[in-house]
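After this come two complexes, each holding chain A, first together with chain B and then together with chain C.
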Partner chain A sequence: MGLEYVKISPGFEKYMPKDYVDLVKYGQFGKQIDVQQIDQIKELVEEHPMCAGCYMAYFVRIFYASLPKPEDTIVLGTAGCARLALSQAAVPFIYGNYGDTNAVASGLKRALSIRFPDKIKDVVVVAGDGGLMDIGFGMTMHSWFRREKFTTIMVDNEVYGNTGGQESGMSPKGVQLKMAPKGKKFDKINAVELAKTAGCVYVAKLAPTNPKRIAKTIKRAILAARELGPTFIHVYTSCNIEYSIPTERVLADAKEREKNDFGFYEWMTDEAKEYLEEQEKKMAEAKT
Partner chain B sequence: MPEQKVVETDYLLLEAPRERKFITGSQAMAEAVKRANVDIAIAYPITPQSETMHLVGDLWAQGYLKDYYRAEEEYGAMSAIAGAVRGGARAFTATSGPGLLRGLEAIASWPGHRIPAVLGVLTRVVNAPLSIQPDNVEISYLMNCGMVVLHAENQQDVFDFTLASFAISEMVDVYLPIAVCTEGFFVTHAKGYVNMTPEDMKLPPRDPYKAPVPPTDCEIPPARIQRDAPVQKSNFMSYLIHQVWQQEVWSSNMRAMKYIYKYLNGPIEVINPDAEVFVAASGCAAAQAREAVRYAQMEGLNVGLLKIKSIVPFPSKEVRETLKNAKAIIVPEHNIVGWLAKEIKANIPNSDNVIGRPRVYGGMTLPVELIMDEIYAALGIKKDKTVLV
Partner chain C sequence: MYYVADVKESECAKYNCKQCVLFCPEPNTLMYNSEKHVAWVDYSRCKGCAICVYVCSDLLKRNCIEMVMMTTGE
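Let's look at the complex of A and B:
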């Protein structure tokens, strides 16, 4: 049904903004695109107000290009940098109170399951380290304990970037930031292990260096959440402003972190593995 | 569970036959939920809890509701209610005292998000020092967020207000959350007679497309305002958008009044409209005020009752009209701040006539004698002090 609402009603094509017409004609709705075709399609998000050189903005682009069913996807975000770009996309976006994403998503997903038991309605949270691991920690964890069927993607810039550069629970130990004038006293929270322990069926960690792999990971997380339970992706999306990373060094920094503490990691339950293999086989067959 | 048939809202609320039962306030609230075609309820067992949300859980287990769960905390519960309602479901939860305050940021954002949910507020002391008794200071925190706030006197009110709230909150020209408040313990745990509609009849289901702000369900284009925080455009845009949006929220709130007239027999109840002295009260205090007025009438004193059912929207016109010739207006309350006395003072020209007493707090009972003392004082009647203890 999602496709119906994005399509332009007959006779109205000439009155719609060109951007929208292009989105329907040359965009992702109703299609499976390869993330490497990103420069050949009309993207779901094109303009955003994020800082020059922001790696989170790059990740958000790749994220939208990776959605398995954008016309039936609802994205939730919270206060922070990511929502600045997330809310500019041609996908319904919910912006509530700070840190409430996983509770709102729980209610939303359940309502959609009640109303549309036979339809696919993907719910995806994309929120920062502060929103998910500090202020919203309890709600993040409990959505996993309850096995809520949606995907959580943590865009980890290791700082409260949007409020001016304060320490977060995900900042590395020792880093001097606002509200940590003597340097952070404790380690980064191990979100990946928490997710596994709390009941996520698919967990991944990555630095966004390889778009094909990012797309595959996001698709897997969303597909597994549809059928099996909560899924989680922890992404390193550096803050080049607060961490003073020169714009031309942003990719090199991500590669360096990938070598050190953000090496690609993927874990899933046996059930998820079986399910994803089956789905990916089907998708490959559909392509050929 | 009996097979329930959907009947017209007006029929269920105004015409359906009623059966008299002797039940607690918590049961009355759950009985209303049973007849309201609720999709989902989400609950947190805040201390102090009433059994309302247990009973609603039982309704789910019996098949009256489609989903129910125990949330991680009130903030999570209230946020999940927002999510469920935005997803197009009809949702209910109830809380009290500390739980209400913990969930308040989420609750206070419901009106702005245009979330037509029904919230039971079963009042208890807000810490500290800790007490778990019925004090209703928490209602004052709800009065400025844009939601409709009703205050029930007894078990019958709880049933009627709760059932009607589901209909009123979803009216296209209202579309706001409604808090149905009543005193914990005094009403939730005590039994009273309640005339209830038949168990096998329920309200029509929610139609989320009959709305000023559509649901977020990928079936209909979303409302831009909800997804796209205006603050990210510019400060100029954000204050303008916030301004007009909140104006609409408060106008919608006022439009609830016509449905309060239609379904709840108006926002006030008056006994002895020509009285010289009025006792004006809401909730449980209205029950004690009613008793005081009966005593006074037995003694031949010209005393009247003004019961206020709707706190927000406040029935300014009706209150002014009722109290225009009153020599004294006694406002008994179950809280220390006297939010009702302040509200009445702010709405009438002769505010010097308002006596913001008696007030009991911390959850104490409100003896009728305390109200009588104020009535005697207002009428200049000298009585010997009777020491009871």
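Let's look at the complex of A and C:
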């Protein structure tokens, strides 16, 4: 962790794998890239085994491209689809037991702030709706109650996609799934309102239809978590297998859901607003 | 045989756009050549989801990408 650990020692370039040399030469380490320049760089995430046309994989790709300091970031995940791509990236990844990601992240963030008091170290949890809102519900909520300073991103595919299609707390009411043939009887959990009540300083909800906006939201969530407290992003990442969406219609589906119930929503405390404005001003000045 | 996306270079070069690159779910698969102003596909990495075709044909009405069957070694 840290820029000096990423760089290759002089004279060793020819012995390192080509992918790694490219990553250091043309990658994101030590640079501030705009997500629109994603075609110009060697991306942090490599080939992964996620399904064709999976928009969770797309979100993970944009997520890595928008990290403000990838060399000083640790990503945490849990059982679920997202970890298949998260673990294929050149950013340290910790695999929590199912449901305890936010407890692991709390400890990790505290340890990092003791070990590196003068450095910025970002901790980001990227887990699914099952890991954060069903099985890990208690640990997620308590990390927010304790106001732990890290970012939680929920990639919500509204189903347990890995285990055959059981309903989750985030599945919409009435939806019929392979292992919920009678249809879901309860409403979708309102995760955004829960996060606001539990003490998050920055809360956002979005569908992955606009890469620039995704990048901006992720950057804001990570910046606010450095200084102020917990932050939360709720993303709709459809499961094209369990919801039987033809792969070429995945983006169309995301756009449709954005119009209906996943419209872009952003909420932050006054303190966070002031802090983010100041930080974004500084970043804009550094660019010019 | 693999089902992959293929960019029609002559069509694509007419526009200075890289929207397909920004919506592909696979990293470093659909890329953009800024000298020739065309997008290009790394066939060995493409999973054939055709989201780029939706972006190019349905959203932008430019029809520069098509899906093709490709044999290994081609």
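Heads up, the rule we're going with is that the second predicted complex is superposed on the first by the 285 of 288 C-alpha atoms of A that agree within 3 Å, B and C clash if a C-alpha of one lies under 4 Å from a C-alpha of the other, contacts with A are read in each partner's own complex, and residues count from 1 in each chain.
To be clear about the criterion, a contact is a pair of C-beta atoms (placed from the backbone, for glycine too) under 8 Å apart; a residue touches a chain by one contact, two chains touch by 3 or more.
Small disclaimer: the values here were computed from a predicted structure and weren't measured.
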So, after the overlay on chain A, do chain B and chain C clash or fit? They fit
First (chain B), second (chain C), both or neither: which does A:Glu43 touch? second
Residues of chain A touched: more by chain B or chain C? B
On the A-aligned overlay, A:Thr247 touches which partner chain: chain B = first, chain C = second, or both, or neither? second
In the overlaid three-chain picture, which partner chain does A:Arg61 touch, first (chain B) or second (chain C), both, or neither? second
Tell me which partner A:Tyr20 touches in the superposition: chain B (first), chain C (second), both or neither. neither
Of the partners chain B and chain C, which touch A:Trp267 in the superposed model: first, second, both, neither? neither
Minimum C-alpha spacing, chains overlaid - chain B and chain C, in Å: 17
Within their complex, state which residues of chain B touch chain A. 39-40, 42, 66-67, 69, 71-73, 75-77, 79-89, 91, 105-106, 109, 113, 216-222, 226-229, 232
Which of the residues in chain A come into contact with chain C in the complex? 35-36, 38-40, 42-48, 50-55, 57-58, 61, 64, 211, 247-252
Give every residue of chain C touching chain A within the complex, in rising order. 18, 21-28, 31-32, 34, 45, 47-51, 53-55, 58
Contact set on chain A toward chain B in their complex: 1-2, 4-5, 49, 71-74, 83-84, 87-88, 92-97, 100, 103-116, 121, 138-139, 141-142, 146
